[in-house]
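Notes follow the structure.
Letters are used for the chains, namely A, B, C, D and E, taken in the order the chains are written, and counting of residues starts over at 1 for each.
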């Protein structure tokens, strides 16, 4: 579910961002503002689990150091911690995260641009395929249905939430996106490769049929309609490509491993130590706060930053900020059918406007 | 209101930027230069409130340290401050801000590119839909009106200032963007989803009508006009998408929280301390200026940098640098109607130019 | 005036860049290389004035410290300098400049892409609008003239140099870009908004006229010509948008203020001090060179880097690297009229080429 | 083989990334998840060989230092190590890698966008080239075949795996992509330059033939089909350009050399030393862990980061994350022929859908 | 000459990059791999000259310090060196280089995208301009020739190598790109501005002629051909714009000057010193290696990185990685004429393919 917060930041005032920092939940497309301490899509939700685990491990280590170790063991432990603290800057997480999040962010927008909205196709179909007969109406509705069917087939393979809704092609039939006969036709052409092209082929055939039967009045209109439907198709199909070729696994692994290692090392390096000053003369003693408050802040920001990338990595997944694929399918079907059928040939009668002189 | 300052920097001279640094206000589209110490859109306006709060808190802490604390409490306070000072570099605000502002800046331009200008549509309508009859004129005016109506509907949902102007659809009727009959027609088709498509559907129907009645002389012209109107529609509608799917909330939260935490920590870490040298032998005493002047500079630049992102995050909001949506609507309506009606078929009689040989 | 230096770097040899570093001036479109120690467009010109001011202030402070201050005052001054030196890294100029220059650079290229060249329009007009009659010739010439007129109107509002050349619309008439009658027609339609659209409206009307009178032989050619002229128009008009919505003022202010503050602070922090070693035991004495040579280098590079942004910020201004708007207007007019008039229907007679077998 | 892992990161949960970090293998386009400790496409595979070599060298040096050297030699060795350790930060690998990977990543996506899918061409051919005769079928099939033939010719030159499959043009004949007669025709026009254009020329000739013989019903459809085939051609041909002009060799060399030098220097600089404290009073002794654990982490992350660039540098090669060119060719041929032949004119009979009211 | 190395990195194996690092030369478009220690396009070639000069200067300074200076002079020299060493980090070369190379790299690709290939134009001409007569053949050949002529004219002004080949327009006539008559026609229209448009004007006139004489069968085909030729023209002409408006001189100067200053300062700052310990108590003595090995590495990487930018700055120059403009011209002419003449109307007779069922 996408988390929208534009109205919260309508003007950059003094307190608006504080509102934002403590938000947890607001649902979908609605415009009302729910500024209670919600959980969804916020940094708190992303980070809390890992932070708790990290703090527990830290506490365990700290307790062992403070209570259980003998003097000699403490010395070894202190040496180890100082060692890790000294060399923790060997792990270059800041830059890696910066460039990685930057790359993932760009890719995320490209995916969003290809999500596939039915609006242009349906407005075009309703204008270009003329006819009040039941057959013309049927052609128009089928064009929409085949578009959504393609979209549903693609979404099944790229979005986990849609896969759950339509585990098999039969579920598409049940949902009304395909008829029984179409299912038969679909299965009558066996292919080792995914057949995303088949409903689109039916759609293009519908358009050719409409041209042959004169519902489309000339070739130039026919070509233009084909082109608009192609753009819809290309957008949707590109989702399969983004899904097939993700950000290279090595890149993702390097960045995640680096951040995790950094904080694993920090478990030792950030312990409050009280070494014997004569043994470690250089050690700068600081106040012992028990809770490593600065490390906690650092943890929140770095893990939070990394979570940005995690959330963006698969925008068709089930995170709070992911695109709501099932909603898009339902909306496309409802709007598409309404425009080509209910709204066909309906428009207000011509009348002069207020500003007419 | 957009703050324009191009003419101030027409040439990169020695003093031009100093002029810029102390500007506060210049209104909209006018080209005259008001270089008085205005407030609008400048760094001063963005930062002053938070800076005052921060300085007050700093002063309170400083006063407590200097006047109220006992010697033992001072030692603890000093330890705490040194601790926060030492580890404040754990918070990686520089890079986060750099990459974040970079991402938000890109998005800001994309939104601006989709703001929707009526110029191409109205020039096209006036050339392509021919006819001196009242009916032809009515078709042309309606095409413009429906375009602006769509724009107003979209702006209502994405721009707070337009929402204020048109809190309900009835306000659109009152403003003359819709007639009563159109309002009835609009409401006669119920839909669970936003019906941005309906005025565009009427518009496309108008164009089809014009083609049917011969106002548009051939199919290729008809298709070209449909395409130009579609581009206008796609631009405007993309604003709803940018509004629906903002920069992920986690990203925004991480960056803002990091910057705020940094300066919260700095409240302690930047105190002028006078610790007992024997207790804290490493502490480098510096001159005590009472006002943390370097931290103030740092505060101005980092918070100012963050404000850049805040301002750009929702360019359709009500900040000084945001796009003036109501002005755009008014301008589009005025120019659109003028071009398709007043200017229709008016052009200078052919005559030889000065350079004719 | 744009400063071109491509031929100087035709091959990346050992000395070529040294040539480049000490160049000062080379004019416009000519290709000859003037490698004398010119001034124009080089780093030297951008930086010298500010550097001299900075060095003077430095010298004054240095003299005061060395000659005028009492021992007690010197101690205070030294403390102050050490304080500023220690915390000067609080101002994050490196990253800010990096990201800011990057953003401005991108925008600069986008503006350049929209500068508006008449070549495609005039080649299209001369092919598509046929006819040897004086009327046809007049239509062709007017199409060019109206294009340049629009460009001149837009340039007046975005480029200071063109504004100087045409302070009023009457200057456009005097320059022959508009006739008296057209000026009357232009003024006969009052509008509160800039009327960039009017000459373009005349242009599109000319094309429609040419189609009606059979100079353009078919609708598809007519539509293609309209489209090409529209692209020219959209390019030019986008300049007004770039001018209207600059890089947000806050961003520019933050960066400039940061760089200036940094060097203001450096006036103190970079003084050669000779503190009493017992008072400031940590102070690392270095050799006293009187001139802060490393700070000068730093000044040159950072201010020079910032100047890159300043120059790019308003590419239509009057800096050395800015685009020569007046030259573009003149060139467009000359080439445009020549192609549609002198060169109309002139081409070599068909003959076999050398490689014919 | 592309390594897909989208479903593993469907939602950004607590453990999902841990799954990812220890993945090694999952094959191609299939969607099932094999989360065993595979090797393919992961950071482990990329890094292990170099890490082992580096650790061996480190061990050898360490053993020599600890066991073989005399006291004087140890002192020299220690001085050398301290020298390398002190100045290792002279090598700016972090930024170089960041910017370099960023540039290579962008290029990698551009290549992927031009990989060439037959879907649009074949859907267009099947709609636009009409006719149930054997000749029409033959034209349609040849259009597809010539497209794939061009793709195969290009892939041969840019992808090592395809070169292996088709070492000579005769292998294309054997594979059925070319007939014997076409091979003769192909060879009958000698040219010093690669003749990627020839099969495309045949393809365009086929389309012209189809237009001449009335299989394509009008010029506008003919032009649209030409355009769609051209886009396919331009995509594929751009691969040869990307192959011809890679990321400049100097850039690649600088980055790789820098990273390798850094770790070569680290072989000395990261040794655990036990110098005589009186000789090197500043040396901070740390705990002796024998294995340079922090350096190993650093090695994994930097070499892993560099491996990202290496993998992306030639996306048509044979790395785990490279595009599977042979699979693409086979898939294109199978789908293309099926759509233009088997599926020609097949679509479900019109019937009312579920939602019909 | 472009240096291609894709096949060397076909798979990211253990040794492949080592091969790359020691490559020096491989010629142009050929695919064979010459992995000898060549020189061309590699980092070694770029850096060696400057490195030798730098090392010589270093050696001279080092010798003077070690042999010639008196004890007092040595102390001054040592102070100077320590001063330069301490403040060398004032020069921010890492970031400047990063952002600068990034900007130049992007521009380099844009130039490459506009290099101008004749393939699409010639394939289009051969399909669209029909006729077996000598006149038709002549029209087709002239269209190609005029395209290449424009390209040659543009290349003469932007690429030094082409300028050398065609120092005057007469050389274009001698080379057969222009006939004598065309040269006369070209010179008969005087203009103060470059007349790149003239051969394109002839080309468009040829196409119009072909349409008038019926070689092109309909207006839609005519318009499509005009458009394809226009794209070729726009690509090529954009090269003159990239040449006219380079990366701003200030930017280039700032970066180069910064890098050079840095290493000038390093001549002093990186000397091995043996100061009297009592005079400079803080100085960390390191082992004296005589050759400043870490500085040499740093020199190689930074100068090498800068060389990347130098090479990319003028991609049409004569560096090893620059585009081979003369080869492109020859190739375009040969392929263009072959496709429109030799290959005209030649294609294999229709026959069933292997997979026909």
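Heads up, the rule we're going with is that a residue touches a chain if its C-beta (ideal position, glycine included) is under 8 Å from a C-beta of that chain, and two chains touch if they have at least 3 such contacts.
Everything quoted here is computed from the prediction, not taken from an experiment.
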Chain C and chain B are one sequence twice: same or different residues at the contact, by the over-half rule? different
Indicate the whole-number Å distance between the mean C-alpha point of chain A and the mean C-alpha point of chain C. 40
Provide the C-alpha centroid distance between chain A and chain B, rounded to the nearest whole angstrom. 24
Using the touch definition from the top, which residues of chain B touch two or more other chains? 46, 95, 98, 102, 220, 307, 311
Chain adjacency by touch: line, ring, star, complete or other shape? ring
What order do the chains sit in around the ring if I start at chain C and move toward chain E? C, E, D, A, B
Please name which positions on chain E make contact with chain D in the complex. 2-7, 9-12, 14, 17, 20-21, 23, 29, 31, 41-43, 46, 94-95, 97-98, 101-102, 105, 109, 112, 117, 119-120, 122-124, 126-127, 217-218, 220-221, 224, 284, 286-287, 289, 294-295, 297-298, 300-302, 304-305, 307-308, 311-312, 321, 323, 331, 334-335, 338-339, 342-343, 345-356
Chain B partner contacts - residues on chain C that touch it in the complex: 46, 49-50, 76, 79-80, 82-84, 86-88, 90-92, 95-96, 98-99, 102-103, 107, 135, 138-139, 141-142, 145, 157-158, 160, 176, 179, 181-182, 185, 189, 191-194, 196-198, 200-202, 204-208, 219-220, 222-223, 226-227, 230, 233-234, 237, 241, 243-246, 248-254, 256-258, 260-261, 265, 282, 307, 310-311, 313-314, 316-319, 322, 333, 337
